[in-house]
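One chain, chain A, appears in both complexes that follow, with chain B as partner in the first and chain C in the second.
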Partner chain A sequence: MKLVCAQNILTTNLSFVSRAVSSRPSHPVLANVLLVADEATQRVSLSAFDLSLGIQTSFPAEVESGGKLTLPAKLLSDIVSRLPDGDLTLDNEEGEAENNLVTTLTCRSGRYQVRGMGAEEFPELPIVEDGDVAHLPADALIEGLRSSLFSASADETKQVLTGVHLTLREDGLEFAATDGHRLAVVQTVNPENTEAKPKKATKTGSEPTLDVTIPAKALRELERMLDAKAENAVALHFDRGQVVFEWADQRLTSRLLEGQYPNYGQLIPKQFSRQLTVERRVILAALERIAVLADQKNNIVKLSMDSGKQEVTLSVDAQDVGSGKETIPAQITGEDLDVAFNVRYLMEGLKAFTTSEVQLQLNTATSPAIVTPLGSLKMTYLVMPVQIRS
Partner chain B sequence: MKLVCAQNILTTNLSFVSRAVSSRPSHPVLANVLLVADEATQRVSLSAFDLSLGIQTSFPAEVESGGKLTLPAKLLSDIVSRLPDGDLTLDNEEGEAENNLVTTLTCRSGRYQVRGMGAEEFPELPIVEDGDVAHLPADALIEGLRSSLFSASADETKQVLTGVHLTLREDGLEFAATDGHRLAVVQTVNPENTEAKPKKATKTGSEPTLDVTIPAKALRELERMLDAKAENAVALHFDRGQVVFEWADQRLTSRLLEGQYPNYGQLIPKQFSRQLTVERRVILAALERIAVLADQKNNIVKLSMDSGKQEVTLSVDAQDVGSGKETIPAQITGEDLDVAFNVRYLMEGLKAFTTSEVQLQLNTATSPAIVTPLGSLKMTYLVMPVQIRS
Partner chain C sequence: MIGSRKIIHIDMDAFYASVEQRDNPAYRGKPIAVGGRPEQRGAVAAASYEARQYGVRSAVPSRVAIQRCPHLIFVQPRFEVYRTISLQIREIFDRYTDLVEPLSLDEAYLDVTENKPGIASAMAIAREIKQAILAETQLTASAGVSINKFLAKIASDLDKPNGLYLITPEQAEAFVATLPIEKFYGIGAVTAAKMKALGIHTGLDLKQWSEADLAQQFGKVGRFYYNVARGQDDRLVNPNRVRKSIGAECSFTEDLQTLAAMLSELEKLAQEVCDRLQRHQRSGHTLTLKVKYNDYQQITRSRTLNDELGDAERVYAIAQDLLVHQVDRHKPVRLLGITISNLREATAIMQPHQLSLNLR
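After this line comes the complex of A and B, so read on.
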């Protein structure tokens, strides 16, 4: 194998795939990146795979002779990213003729030799051949991920809750994530661009829906790699065990999470007796200050509605440490109520929104409250109140 | 006590003193900051002290009534830094009349109450009354610290080597730091501005020199707080146990490290048989790449001089992993030699320099080598070569 490529292109592509390199590989070859050079297409592809998440990317190069090999991902990336701008040559044809695992990297500043492992030991990235296919615009996918991922559980024992649940219907895609305390549901409606094309009848019959739970870790990488400005749609291929996202020169594969995802639709109240509209930045800034004291105790912030004055008071009482109180203007309908929340859950939801105003809807101090961004995407953020100690 | 001050000024001053707040305080009050409001001068001072490092800073405020109290440093700083711009009121005169430890902080967005501790429990910051005094320009002090601190030992068991040794003579100040493997010595010569004024005869007789070892931790804070553009000189007060730096509205105190500092002057060779001049950025960039492989093994980089070609080759051989070689132009005098160094030590010295060229002087592959910046401050960086395995 011998090829010439630009230092900055190799650096970028190595950084894409590096996130799928296992930090504690179960087999030594999984610490490596697979490099495949194709003389016919004059392209090089890089792949990394931790047996759950796989990332593949390809880029143009001058391929003098094709071949495959694997190289230590971190070492290669650390060296290449520090090399000066310009062309690099990768060559493993020097030295011993057969089965040479040493690759020579030459650039204008010097020469490096790195020992790799045979490509035959590297596991194939999963492919989905007979599964369903859907096409989604990149910006809708990014928006949905950004507004849901933060609600997934970070607790690995929570299994299906460590993922984001995707439901594709004919009129759009729905993202849902919950850790059991709060729930984010986002509908990205793109009837023109979204299409579900079942290649075969699904188990449940003829309903053309995608309904899978994807590990949040894989989706965070997807969000990081996707370019909102890219014209290309992202293709989703999926079967019962795997999902493959394909776009431009990139490909991300992930196993799916097994198990029944909670039927979250039934948790969301249909009617509300109280409603409160506030400026998002104002309430978020106040909550960030309140949180300093709330963090000292039990994370609880109390919201006290005053419909007469049309204002809401946020307060915290961290006994022995201190207390705090802020009052902000609000448009309030319904009877006054005191209700308490985990301040972190409120803040995380408000940070994921981008609108200037948000609406809080609720019924009682012990039933689910809903926060929604006013006038933007269809996002529903459900938070359970916490008991106020009397 | 009641006072009004600007949010941004209080935030800045809290951040200055916060570095002297103990993260694991041996007494609860050491987690607090001491706040003293003086009605006569209309100033507020803040102090923090971890029993080794002490920082005091003061700023103007509208002091309605003076007083002293201590407040939890991190909590206060976290709240104040998140408050909106504008005036803040601090008041502990509400509530119970006597010995009220709750302070109320009011701003346009809300009201916070924070529980403190009595000022009488807070230890006095050390003062040096009868010691020696010296005045140094801030920029010379910063330069000296920047060029020496990196060589101090991070190993707390190395006692005196965890500090920087300062020697003040009539013609200037000398900084020295060593961890036993390398040594940085910096002379900042400022005959106009530097003055040593012994108030009393020192133990060794009439020699007007300062000769102390100050913990690197305290000096890193000093470097961070000093403003190179400030006109003011920094006053050093010192006796056998303490040093106090005073400038503008700030004051930093530190205990001194006890014990004999190595007689480092005798380690520096007076004559050299070989000399090598290279571009600093070029050799530093090459070493950073070499280090990726050297880090995998024993950190060793080999320098091979070629006086015929006027170039030096840097190489690394990390068996089983890979190898690397870079050749860069150099002005070389003396016979060719192969010599090896710890790549980290070379890099750290080169990063502390600011000149475009550096000079490496040495005699043999087993005697101390000296690196100096060409045409800048008087800095000497001594590195011991390491044995080359044959």
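After this line comes the complex of A and C, so read on.
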């Protein structure tokens, strides 16, 4: 195998696949990246796979002779990313025999030799042959991921909650994520471009055509990669155990999370006795200042509604550190109430919105509150309050 | 009398309500109830003596309380204040003996058989303690003095408020004999009804029963009844008593047939358990639902949560869930109980607490 490619293109593509390289590989070859050069298409593809997440990306190159090999992923990207701009040559045909495991990397400033492993040991990335397929616009996918991923649990013991639940219906795609304290539900309605075509007649009636829980870790990579190339539709292939995203020159595969995802729809109250509407930027800016003190202690911000004055006071009392208070205008209906929240939860939700006004609706200081962007029905963010015992 | 113990039971008078009246002159001489407001579906945790005249007592649902006494003033409880005062009172007890067994924030047993100042008269000690409490907290307490916990507790109730009552060893048996059966510690409405059905109306009636017969009728607790009917109670004052669980249960005079009836009783129990948790300044992680069917088959179902359980609404929600999903709803139910275990320290529950979604 011998090929020539641009240093910056190789660096970019190595950084894409590097997240799927196992940090503690169960087999030595999983610490490597698979490199396949195709003389006919004049393209090179890179793959990495930690047995859960798999990423494949391809790019054009000058392929003199095709072939396959695997190279230590970290070593290779650490070297390549530090090389100067310009063309690189990768060659494993120097020296004696075929199947040489030593690859020579030549650039303007010099040459490196890196020992790899045979490509035959590298496992194939999963493919979904008989599953269902759906096509989604990249921007809808990015929007859904951006607005839901932050609510997924970071606690690995929470299993199904470490993922984002995707439901695809005829009329659009729904993303849901919860860590047990808050829940984000996003609908990206896009009837023209979103099409779901179940290959098999396994589902009937108004049942969702897609209903899977995908690890947040895989979706964060997807979000990162899509950001870079957001022009095309993304094809989703899935069966009971795997999901494969395919677009442009890239492919991302992930195992699905097993287990019943909570029936979150029933958690969202339908009626509220209290409601307040505020300017999103105003409350977010105030919360960011409050958070400086709240972060010192337990992240708690107290919201005190004053319907008479039509304003809400945000306050923090970080014992032994300090305290703060800000009052902002709000349209309030319902009886006055004091309610406390984790300031981080509020800020993360407000940052995911794009509207100029947001609405907070709740019943009591110990029951779920929901935050919604006003003038857009796309997102519902539910936050459980912090109970302050007096 | 050699071997005879000297036990004092101290019970603060309408503790939470008295504290509120002490700290807020506007409440003095008025009917007040400490606890959740009627619209919060709460119950009265403590009522002032003015409110008690209207039938407002602890554990009465707030919406009932306001009906009985329309000008009742509801006051939010301030547990940290009660706790501080409780520690102040505890410090007074410690001047006399180390054998103090607190039952809750406002109640304790003291064994003063041997005491630090070397005072021979338990009545004198009780009087001093009452005076010290009044001088240092401006609150009144009632004290009962006798030879064991059972009698001391009865005694403290006889002269309330600001009372002091002695039941001597010589009076003990005669005293218990005249006591109506429902006044016995540990005998609730259902047991009392059962006893009356057996012809037991007073301590004297109870004394006629053999230990074996009482054990047969009432199980383990029958032995306790046998002893206390004779004014005997050998339970020690245990300063290191650690509560492992806090619960409430109720036997029903008529079996519950419908889910609606069960849920309505369950809601009351949840409130009662949470009131008790608050009184002990505890919260727990495990909820156990106990159900006894009318065929006497008994089941318990538990759920353990990461969150602390101390809020009536939440305790009810979980108990309801267990009842609806784990209990045979077609069998009539004669007893329901909720117990919270895996208890947490008092200090821990003063911390703010991030609530969780009820994910299933």
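As a convention for this text, the second predicted complex is superposed on the first by the 371 of 390 C-alpha atoms of A that agree within 3 Å, B and C clash if a C-alpha of one lies under 4 Å from a C-alpha of the other, contacts with A are read in each partner's own complex, and residues count from 1 in each chain.
Throughout what follows, a residue touches a chain if its C-beta (ideal position, glycine included) is under 8 Å from a C-beta of that chain, and two chains touch if they have at least 3 such contacts.
Because the structure is a prediction, the values reported are computed rather than measured.
With both structures placed on the common chain, the touch criterion links A:330 to neither chain B nor chain C.
When the two structures are aligned on the shared chain, A:283 is found in touch with neither chain B nor chain C.
In the superposed model, A:384 lies in contact with chain C only, and not with chain B. By the touch criterion stated above, A:262 is placed in contact with chain C alone, chain B being left untouched. Residue contacts after overlaying the shared chain place A:296 against chain B, while chain C stays out of touching range.
Interface residues of chain A, counted against chain C in their complex, comprise 161, 178, 180-183, 262-264, 267, 298, 300, 340, 342, 364, 366-368, 382, 384-390.
Chain B meets chain A in the complex at residues 72, 75, 78-79, 82-84, 102, 109-115, 285-286, 288-289, 292-293, 296, 314, 320-328.
Taken in their complex, chain C has these residues touching chain A: 40, 76-80, 311, 313-314, 349-360.
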